[in-house]
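Input: structures, listed below.
The two complexes that follow have chain A in common; it is paired with chain B in the first and with chain C in the second.
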Partner chain A sequence: MASLSDAILVIIVLSVIIPLGSLILISFMPPGERTFPPVHYTLDNYFYVLDKLKFYQNMFNTFYFITLAVLISLVISIPTAYAIARLPINYHLWVLTVGLVILVKSLPPGSLLVPIYDWLWRLKLTNTPLGVAISYQVYTLPYTIWLLTSFFLDLPREIEVAARLDGAGSFSRLIHVILPISIPGIISAVIMNYLNLWNEYMYSSVMVSSSRYQTAAVILGQMVSSEYVVEWGVMAAANVLSIIPALIFVSFVQKNISRAITGGIKG
Partner chain B sequence: MVLRGKVRRMAFLELRNISKSYGKNRVLDKVSLTAEKSEFLVILGASGEGKSTILNIISGVIRPDEGEVVIDGQVVDDSNKTYVPPELRDIGYVFQNYALYPHMSAFDNIAFPLKMRKLPEEEIKKRVREVAEMLRISHVLDHKPSQLSGGQQQRVAVARAIVKQPKLLLMDEPFSNIDPALRASVRWEIKTLVKQVGITTVMATHDQEEAMSLADKILILHKGKIIQTGTPEEIYNRPVNTYVADFVGGMNILPANILIPQIESIAELKSLSVENIGYIGFRAEHTRLDDEGIKGRVIGSEYRGDKWVVLADIGSDKPVKLYLTTKVNVDDTIRFLPSRIYFFDSQGSLVDTKTLV
Partner chain C sequence: MKLREFLQKEIFLLPGLVGLGVFLYALIYTIYMSFFRYKLGFTEPTFIGLQNFVSLFNDEIFRTAVFNTIYFVIVATTLELLYGILLASLLYWSKYRYLFLPLMLVPMLLPAVNIVVIWRFLLHPDYGIVNIFLKSIGLSPIDPLNDPTWAMPTIILMDAWQMTPFVMIIILAGLSTVPREIVTAARLDGANKFQLTTKILLPLTKNVIMAVLLLRLIDAFRIFAKVQLLTRGGPGIATETLELQIYNRGVRGLEIGFGSAMSVIFILLAMVVIIPYMIMVIRGWRR
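And then the complex of A and B:
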């Protein structure tokens, strides 16, 4: 039986390594060449992507929009999650909030695309970083509220009671006691949001029409769907570049990721 | 003279007919208690009897279904519209698990209630140092709770509770997480400290020894009711019923029909027989060997230095416990006399006590 599970593992690993390896190899393939694996190796594709296409600008856009979206989400989610988890709020209000979070979380994100675009357009926020960040809330907000609520629920109640008896009102409790001991939970939420949004395509492409604010994922999409020749080498190079930040990020926070993934079940 | 009947002196802390149910489970049933200023009250009860619920109702974390809570002449909860939230009640609370803030140093933990009162920085430092000095934790003020020993954590928790000089100090099983070897000395320290500060204290515990050593007044909580209130001596000497007699000091309680035939054969005890008796009790520490006494077979004997702890079978379904000054061996037949006997009726309520010379 060990050999069977080993075989399955090998297949899974290969299914990741083969496409990734091919991608890396193709990114070094000289333009116009069509042999695989490549006979000659060149860095031209990378120079082209960075120098001509200014792809780093798109990668920066991705990072910028996600950061903005995560900040907005945290500012809204922390008090909301705390209220859901702990405050003696009106029952109907509680049900409404929790219901809304679950509803949005379970809807396909695309179903909200049109109303959100309409809204942002009226507010003249399309084609702005803030607009994109707001549209990203479809993904980040329900997820963050859900994750933090479960985290807050697991905090020991006595500590909050102690803070109440020490004279701290609900806001002071949140700032001085709950937030500092919730830092692991907040870090988990931030990590997961970055990973979830790094490849976001739908909202990024619809909310932005000017090339200035296009994200890396959108540029990659355009390269494939372009009506001209698909430059495989260039596309592969851009792809590899866009993987690198995510890779660095993951390697830095590896320890926190497993906690973040299981965080929804048990903080 | 007419007025006198209406004037009612108010105690510092008063609970009036507090009831609380969780679903169908009635945890507290018309509980009333009073504490004078600087008094040390201990609520004694087995676990699950609602001791913590009383403390939580006093602190305001839980609201009662019925009844009133009065602190220092102010009604803080009338189980209706009047409700002062915990953060405004000025109460210090020591939790069973201490509930220290894990991200703050010991100093910041103790300073937190003062910061919430927006006292000036200098004043905060001065007060924290004072109270740390009193509790001998000055040298660990910059440690995080996780770096402190259990005893130090407990002292930080006590320091945090008293540093704001609250009206009331509440403690919920404060010694149960402390190493048993240290418990007695910690208890002594807390007692001295509380007396020195002169703070009105209510403590909940299931440990009768703790209650006896700390309390000015003990309240015994059983099945949601306070069944006896009194000084430790009163509780020990005149337990209202068999439950209290057994719970505080572990009395030997036997059905009267087992003991009465034995008693009747003993001239000294015969004159004491009382009407309508269901149970008869005596304490282990009130027994001595006597040739004329109750007959029993030794089934266990342990040397404790100052005494022999002896279990003897006298024909009841539970053996009786005796403290003797002389050695007896297992399977010996002994005769002993209790020097003080408690008589309970068939419901278990105390009817009378008799002391033999």
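And then the complex of A and C:
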């Protein structure tokens, strides 16, 4: 009875596992070989990627840029999300702010690439970590405000009442009441930003031309586009390495993942 | 008194409004620049009226990019929605849900660049698994990425492979919120699983389905990395999209004015799906 639908599900699961498994197998394929499945296995590709290409430096760049971007976004987002979710603001101003958050969050990043590149170039901020982090705000800022707002909205109304009766102002309620219980929400927001931006390609490749600040995604992109020059095994090994941090980020937010994706859509 | 109230409430919005205001200004600047000829680092902006737009309308590559973008958004979203509903319904009734679910989510969690590499390996004309398999059962090998007819459908298939789990998990979460009593009652009335799913469960989940549809539509406009790395818009111009054009001809070509004109058309198209989403969120968050 149920076996037909389970059989379909098994096929679909296989369609996921086989491509991923083949990537891992290829990453152990010796240089010069191009048969699948590989006949011999070796760790050389991993040594090459880390030792010769210094891929860990690119991965560190990615990590560094995202960290900067997330810090900027958090400072801006926490008070803003708090006001959207919990303060009795003038309605028109509220709609304007929410509309702006959703607009920037939904615009395709490519549609803002031209002015942002123009400005950062003229400010001499291209090829600097700060410049990349500023350009990443296209992704991180609206997303962080949006996610934190949905977390703050779900906190019970009553929690601020006692503090308000004690005469605490909005700022001290945010610091002493809201923030301490929102740590898990803030941590998921941070990790989701890492996950979303881990292989950001468009802005990372445009904002940086010097090899010193190239991110892991850009290096992978270069390998893919020069497929016939780069060994398959090397490309696969770099890929496997770059997937590992992404999986670590996911493992941190497992419980909250579906809400972090949807912002808590209600049925 | 007014100031005091402002310091208690509206001032909290200020950082966000300033930060997002920069992007709003970027949007206005883009519209403004679309009327100029401006090559970054080479010329100062000169006003040329609608000339950028006129050139765009007469530009075959750009027209193809507009068509491909719309085609991709509609076909990929439809495919992912239907397939996602099917998978969510199958999983809802499966006893092994907790075994299948995590495995099925993996592609969605992988970054686009990794997905492209995996698919390049799969579809390689000589060494890809797909062709090894086809040859082993006596069929001739395929090379869809170098075939103008099949390149776009392949990109759509790749996107569906990655993003259907996203649709699936959200709809599954929606299905799971339908009260058990309704399901049990319908079962007692003799409804089978198929009737229960199509007549009761899915209709009760329609708000979630609408939301996920909008999110996918919005996201489908941004397929940049996948296309840029998989085909670079080729073969020929078969897979050119708007983001690719803005990136390659606008920004890489340093043509800020021309790129802005392309962005304006891109934004107008995207607004068709963004506005309903804005309305949905504003309604949902209003207290």
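We take it that the second predicted complex is superposed on the first by the 250 of 267 C-alpha atoms of A that agree within 3 Å, B and C clash if a C-alpha of one lies under 4 Å from a C-alpha of the other, contacts with A are read in each partner's own complex, and residues count from 1 in each chain.
Here, a residue touches a chain if its C-beta (ideal position, glycine included) is under 8 Å from a C-beta of that chain, and two chains touch if they have at least 3 such contacts.
Since we're looking at a predicted model, the values are computed, not measured.
Asker: What does the overlay on chain A give for chain B and chain C, a clash or a fit?
Answerer: Fit.
Asker: What is the contact status of A:V101 with respect to chain B (first) and chain C (second): first, second, both, or neither?
Answerer: After superposing on A, A:V101 lies in contact with chain C but is clear of chain B.
Asker: Could you say whether A:G169 touches chain B, chain C, both of them, or neither, answering first, second, both or neither?
Answerer: In the superposition, A:G169 touches chain B and chain C alike.
Asker: Considering only the touch criterion stated at the top, classify A:V114 as touching first (chain B), second (chain C), both, or neither.
Answerer: Only chain C is touched by A:V114; chain B is not.
Asker: By the touch definition at the top of the document, which applies to A:V177: first (chain B), second (chain C), both, or neither?
Answerer: First partner only.
Asker: Would you check which partner chain A:V161 touches, where first means chain B only, second means chain C only, and both and neither mean what they say?
Answerer: Touch status of A:V161: first partner only.
Asker: Compare chain B and chain C by how many residues of chain A each one touches, and report the one with more.
Answerer: Here the partner covering more residues of chain A is C.
Asker: Compute the least Cα distance separating chain B from chain C in the superposition and give it as a whole number of Å.
Answerer: Minimum C-alpha separation, chain B to chain C, in the superposed model is 8 Å.
Asker: Quick check on the output: what are the common chain A residues between the chain B footprint and the chain C footprint?
Answerer: 169
Asker: Would you pull the chain A residues touching chain C in the complex into a rising list?
Answerer: 2, 5-6, 8-10, 12-13, 15-20, 22-23, 26, 34-36, 75-77, 79-85, 87-90, 93, 95, 97-104, 106-119, 121, 137-138, 141-142, 145, 149, 153, 169-170, 174, 195, 198-199, 201-202, 206, 217, 220-221, 223-225, 227, 232, 235-236, 239, 242-243, 246-247, 250, 258, 261-263, 265-267
Asker: Using the touch rule from the top, collect the residues of chain C that touch chain A in their complex.
Answerer: Counting only chain C, the residues touching chain A are 8-10, 12-24, 26-27, 29-30, 33, 40-41, 87, 90-91, 93-96, 100, 103-104, 106-107, 109-114, 116-122, 126-129, 132, 161, 166, 169-170, 173-174, 177, 204-205, 207-208, 211-212, 215, 218, 221-222, 224-225, 228-229, 232, 242-243, 246-247, 250-252, 256, 259-260, 263, 266-267, 270, 273-274, 277-278, 281-282, 284-285, 287.
Asker: Can you name the residues of chain B that touch chain A in the complex?
Answerer: So the residues of chain B in touch with chain A come to 59, 61, 85-93, 95, 97, 99-104, 112-113, 116-117, 160, 164.
Asker: With touch defined as at the start, can you tell me which chain A residues reach chain B in the complex?
Answerer: 156, 158-159, 161-169, 172, 176-177, 180-181
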